[in-house]
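Each in structure tokens, the structures are laid out below.
The following pair of complexes shares a single chain, chain A, combined with chain B in the former and chain C in the latter.
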Partner chain A sequence: MATSQAVQGGDGRFDALLRLARAAGRFVAMVTVTLAGLLAVTFLIGRVVPIDPVLAVVGDRAPPHVYERVRQELGLDLPFLQQFLIYCRKALSGDFGTSVLTTNPVMTDIARVFPATVELSTVGVLIGILTGIPLGVLAAVKRGSVVDQFVRVLGLVGYSVPIFWLGLMGLLLFYARLDLVSGPGRLDITYDYLVTPVTGMILVDSIMQGQWEVFRNAFSHIILPAAMLGYFSLAYISRMTRSFMLSELAQEYVTTARVKGLSEARIIWRHALRNAAVPLVTVVALSYAHLLEGSVLTETVFAWPGLGQYITHSLQNADMNAVLGGTLIIGTVFVFLNLFSDLIYRLLDPRTR
Partner chain B sequence: MKLLRSAAAAALFVAVAGVGLSAEAATPKDTLVMAWQIDDIITLDPAEAFEFSTAEINGNVYERLIGYDYNDVSKVFGVVAESWTMSEDGRTMAFKIREGKKFASGNPITAEDVVFSLQRAVLLDKSPAFIIGQFGLNKGNVKDKIKETGPMSFSMELDKPYAPSFVLYCLTATVASVVDKKLVMAHEKDGDLGNGWLKTNFAGSGPFKIREWRPNEAVVLERNDNYSGTKAPLARVIYRHLPVTATQRLLLEKGDIDIARNLGPEELSAVSAKADIRLQKAPKGTLYYFGLNQKNPNLAKPEVREALKYLVDYDAIADTIMKNLGVVHQAFLPKGFLGAIDGKPYKFDPVKAKELLAKAGLPDGFKVTMDVRSTQPITGMAEAIQQSFAKGGVKLEIIPGDGKQTLTKYRARTHDIYIGQWGADYQDPHTNADTFAANPNNADDAKAKPLAWRNAWDIPELTKRTEAAVLERDAAKRAALYGDLQQDVLKTGPYVVMFQQTEVAAVRKNVENFVLGPSFDTNSVATATKN
Partner chain C sequence: MAETSLSNPAGLRAWLLSAEPGSRLQARLGRAYLGWRAFARNPLAMLGLAVVLLLVLVALLAPLLETHPPLSGGDLRTERLLPPSTAGHWLGTDDQARDIFSRIVAGARITLGVVLLVSIIAMPVGLLVGTVAGYFGGLVDTALMRLTDIFLAFPRLVLALAFVAALGPGIENAVIAIAITAWPPYARIARAETLTIRNSDFIAAVRLQGASPMRIIANHIVPLCMSSVIVRVTLDMAGIILTAAGLGFLGLGAQPPLPEWGAMIATGRHYVIDQWWVAAFPGLAIFVVSLGFNLLGDGLRDVLDPKAAK
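== the complex of A and B ==
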């Protein structure tokens, strides 16, 4: 008996290990394929775009011999395949080279711009979640009512209005007219240099260093662009919440709960939403990943020195080292957020355990 | 459930806290904040930088040997140089360095620093090095040609007896900035003459010093207390990168910036109506033009080239798209340069244009493409030209593209028509004559690729005349030579020069003595004050 239990226990552990190994293998394979794809695509983009990367370095007025020398320094005179191999070798050894536009190593640049994007996206997605989920729930509960229509229209506008325009209107109203928030940029110049960058996220750094005035100022700068991004997340999250909730509210367990005499609030928030939260995790993770790509237009309107602006500017100048570095960061973020949402999914849904 | 309730409470808190968070507007009194699109900066090293924004920044933080009067560019004066003499054969220039000047680091400025700076520019051989190199200096000979003759004097040997004004104007360019040898060489790596370090750092002696460059975000200047001239009244000047012009306007009106540098014509009209904002303007040495590729058989016909010059409604564009941003100008030398002519022989005249096209054997017009950078005012101009061309029967197809994209095509000579800008590299007429009126070799693999080459314009005769003009030492005669060159290019050249750029800054009225000079390296914040 004891032996049989031990065997069963051993089998269980073995199965668990096997599952873990399989999951790890899948993960490694996914990362490898994604990164290899990114390498090839960024290389091809760099060679296919009709922009001369040498121009970004030497400008339009350099004499021909300077132009030629830089072309050779960039390795652009080598055969196509050789260029690709050099490119892969460098990237695989972790050397993303130097950005020709900023003269910094690409990783230094990314370490500077990515925290700005993370900060903005995190506040943005929080706003999206905190408003989108309650609105979605409300719309599902009051299906067909004015509230439902309102949430639908709100979502539709969020999908269809150009963010560039919305950002400018937001600035015009909340910054210029109503004076409720600060303007573009991350901080007023008076607060420059008061906080030593640690994480690169001013909100976090200012709390860590007890600089509350700086925190307040940084918050007044971030709130509007984050609200813009939050609005776009809201549009997606509220629609999906509504749809998941509708499907949950039609389940038999909801009827049973009602028969048991549970309060409506308890049924909605504790039972139905809890079940709807399982697929919602993926929706939220996707929204967050999307924001982390760096919303180029929001960053441009709000002069936010983030990853989106960095990659776009680099691409316009065929600064492919920078484009590759930025793209790999985004790729990695996607892979990890996917993994993370898988884990949360498993935690929330007992059937997947 | 609890989590959700707490989250909702936090959201409410955030929303409430957000209200009334606006910062104290208005910039500090000792700090000038300027909004400017400065994403063109790729290096701060004066031996390498060749962009508009770095020209201006370096103009405020470095000193050069020679300077010129912003109001009358024919007047040159010594800055780091106290005096200079030209040898009788016109091949050697001797300079004496001004005593008592210091770098921001505290190191004294000596002939050793000046010689190092000029040699360094030639040895590094970056984009702007040709401005000094064109006196026959190269990596092999520069150490012999530019030599110290004493602790505070040096000489420079030229390969030809150039017009002295040509040499002096070249020495006013950013590339001839004097850098602190000790400081730069302390950061030298692998024989790079400190280039890697100076790309993001500073080693000058101007009224300001560079505290920080955050790419695509800001450049922060601070007063240089070791400056030998009158100390700058302001403690800090911040160039903020604000890519969207509408945002620049909002911040300016609110007082969060003091100067906006990139406003469009409508925004300028709107802000100029505000009581606390004024417009400050200065003509710049930049021309708006379009180039006609002579590889296109239609554009190669002289009558067609001339007809197209009659098919631009110069005045209409000047009154609308270019309002405040430029004035009609048709010669290749901008106003203010030695020998510049002010003739504007071409007016919008579709009848005359049609006659010329008929003479060229194209009575029904023809189709042609134009590569257009997707940015204002270029796009607006191209659209206006498309309409006016149509009135002469010329069907213009606009090919929009990013700046670097259209330029790549232009430099490969695969365009029909390219519309763009050309800015003078230094204040001497040779800068533009050498590109508009010279083409030593029109072959595809030519070494020199001036604008005449880009438009495949084969002009051996004009090239010789351009080469002769730079050697003419009599200023009046030299001016006349450039006058003739401009007339000939105006009549026969494959360029339709339309406007000379006016730089306009929208400035809050409490800012005084901010200077917009004739070139970007003469835009100065050294004397600016805020009330």
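== the complex of A and C ==
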């Protein structure tokens, strides 16, 4: 009796485990295929480039036997598929080749510039969350009111305005005319090298080392580009918050809560928003991923030494290894952010299990 | 009888709204008329339509509207970087002493051309991939959708950047690069629509009559996917304009002397502190036009695809 129950219990658990394993397997397979696809795309782009990689190394006056030797060293005489496999193996071990421009391995360069981009997008997305969610909630609660119209206009403008232009106009107004913020770059030159990079994010490093002057200066530099990026995630987050909240507020449990005599504030912020928060996690993760993209243009305008500026700078100098390495990194981060938001969604919402 | 009543507007409306249309054409026109009435009730959508029509008009009439030649400048010693509304230059002049208003007008052609070309390339590709994947299902579906996901996994601008890097800068290559990044969402939508249609009775009936899969897809499935794909394309046009402008701004899209709006901002960038108008007006043009496409797309969605409207 007892054993059979135990076996049954074990069976149930085993089934659940099996289901989980199968879901995990499908997940892993999907990610693997997508990553392989990313590699294939960057590999193919690298092959169709009109720049001869051998000539880039030896110069156009090299004798034929040198040319041929370098061609073999670079593995360009191997069959196409084999070249691709070698490319994959190298990329998976973090080897994207050497940057012609900086003569460093591309991975070293990216590791140096990536923290700046992460810092900028994180501050941006924080601004987007802190303003977008309250605005979206208010717009949903007071549907059709001035606040609702305001949020709608904010969203429309955010979807329509070119981010690099907004950045330039922001610099003109807040830096040149009003002198409220600091100009392009991450720090004023007098504050350079005062903080030893640990995380590479100046805001974090300066707090850790108690350098408040540096922190203040870094903050005055980051606030304008981050506010620009934050505005774009605000446009997206507030719009989605509004629509999630509208569908939550129409649910019957809200009526029940009202009948029970709960205060309206409690219903909105504790009950409805908590349920709307589940899909919002996905929205936040997605907008974070999009800020990585927006940072390409924003970093150019604000001379922000991050991944976006690295890619565009390499592009203008025909440094293909750097461009493709950077593209691959952004694509991978994109894939994993999507994956992460999916997992969180499953974790937070029991109905999806 | 119909002929006589068509001459006055009331008769035309009655003919369009007839509950028993006499021909396929009458039924189609009637539906289009109903859609238009719903669309015209939305003032923001009408505003969007007006902006888009204005863009088309400006692009068509560009040579007539230009007050100065857009590609060649005036006297570099006296007419450089003039502020707005001096000496017949409504929006001022740029660093090459070229009239900014004329350049914006000429740039309307480029913007409209890019939007049209990208849609013409990307829409059929997306429709084909999506409907074929949805109709055949199984392995074809998995393979095509994986391919779509791979393209969706890249941020759009970054992928376009990489393609332009491979193809070389220029407006034609920018169009190709943007089109390559634009089709996946259309394929997704077409597939979703196809999945809801493919098991309907009328498809089964056509199949029993011996129609080939290609005929079923082209004649019976694609027309039903069109409306949601068109809505998505219209909503995407603002994004296409912004991506093209972004590429131009980075110096990878239209090359100088072409008066592309993004490239104009890139030149204005060097003078933004003291001569703000060089960068400000082209950006304003981009903003107004993409806002117009966004409003138009929102309005079209409400009419053509009420399910998606929230």
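Some notes on this structure:
Here is the rule we go by: the second predicted complex is superposed on the first by the 282 of 353 C-alpha atoms of A that agree within 3 Å, B and C clash if a C-alpha of one lies under 4 Å from a C-alpha of the other, contacts with A are read in each partner's own complex, and residues count from 1 in each chain.
By definition in this document, contacts are C-beta pairs under 8 Å (C-beta built on N, C-alpha and C of every residue); 3 or more make two chains touch, one makes a residue touch a chain.
Note that the structure is predicted; figures quoted are calculated from it, not measured.
Look at A:R61: by the touch rule set out above, it reaches chain B but stays clear of chain C. In the superposition on chain A, contact is made by A:I311 with chain C only, not with chain B. In the superposition on chain A, contact is made by A:W165 with chain C only, not with chain B. Touch criterion not met for A:V214: it reaches neither chain B nor chain C.
Legend: residue contacts after superposition of the two complexes on their common chain; A:A140 is shown touching neither chain B nor chain C. Of the two partner chains, chain B is the only one touched by A:T190; chain C is not. In the superposition on chain A, contact of A:I267 is made with neither chain B nor chain C.
Once the two structures are superposed, chain B and chain C can be ranked by residues of chain A touched, with B on top. On chain A, the surface touched by chain B in one complex and the surface touched by chain C in the other have residues 49-50, 168, 171-172, 176, 300-301, 316, 318 in common. Listed in rising order, the residues of chain A touching chain B in the complex are 49-52, 55-66, 69, 100-104, 109, 112, 126-127, 129-131, 133-134, 168, 171-172, 175-176, 179-185, 188-190, 192, 216-217, 219-221, 223, 227, 269-270, 273, 300-303, 305, 309-310, 313, 316-318.
Interface residues of chain B, counted against chain A in their complex, comprise 1, 4, 7-8, 10-11, 14, 17-25, 27-28, 31, 33, 39, 42-43, 50-51, 125-130, 196, 199-200, 214-217, 220, 238, 240-244, 246-247, 250-251, 253-254, 256, 401-405, 407-409, 411, 425, 446-449. Chain contact summary for the complex, chain A toward chain C: residues 30, 33-34, 37-38, 40-42, 45-46, 48-50, 156-157, 159-166, 168-169, 171-172, 176, 243, 246, 289-290, 292-293, 296-297, 300-301, 311-312, 315-316, 318, 320, 323-324, 327, 330-331, 334-335, 338.
Contact residues of chain C toward chain A in the complex are 146-147, 149-151, 153-159, 161-168, 238, 242, 245-246, 249-252, 262, 265, 268-269, 272-273, 276, 279-280, 282-283, 286-287, 290-291, 294-295, 310.
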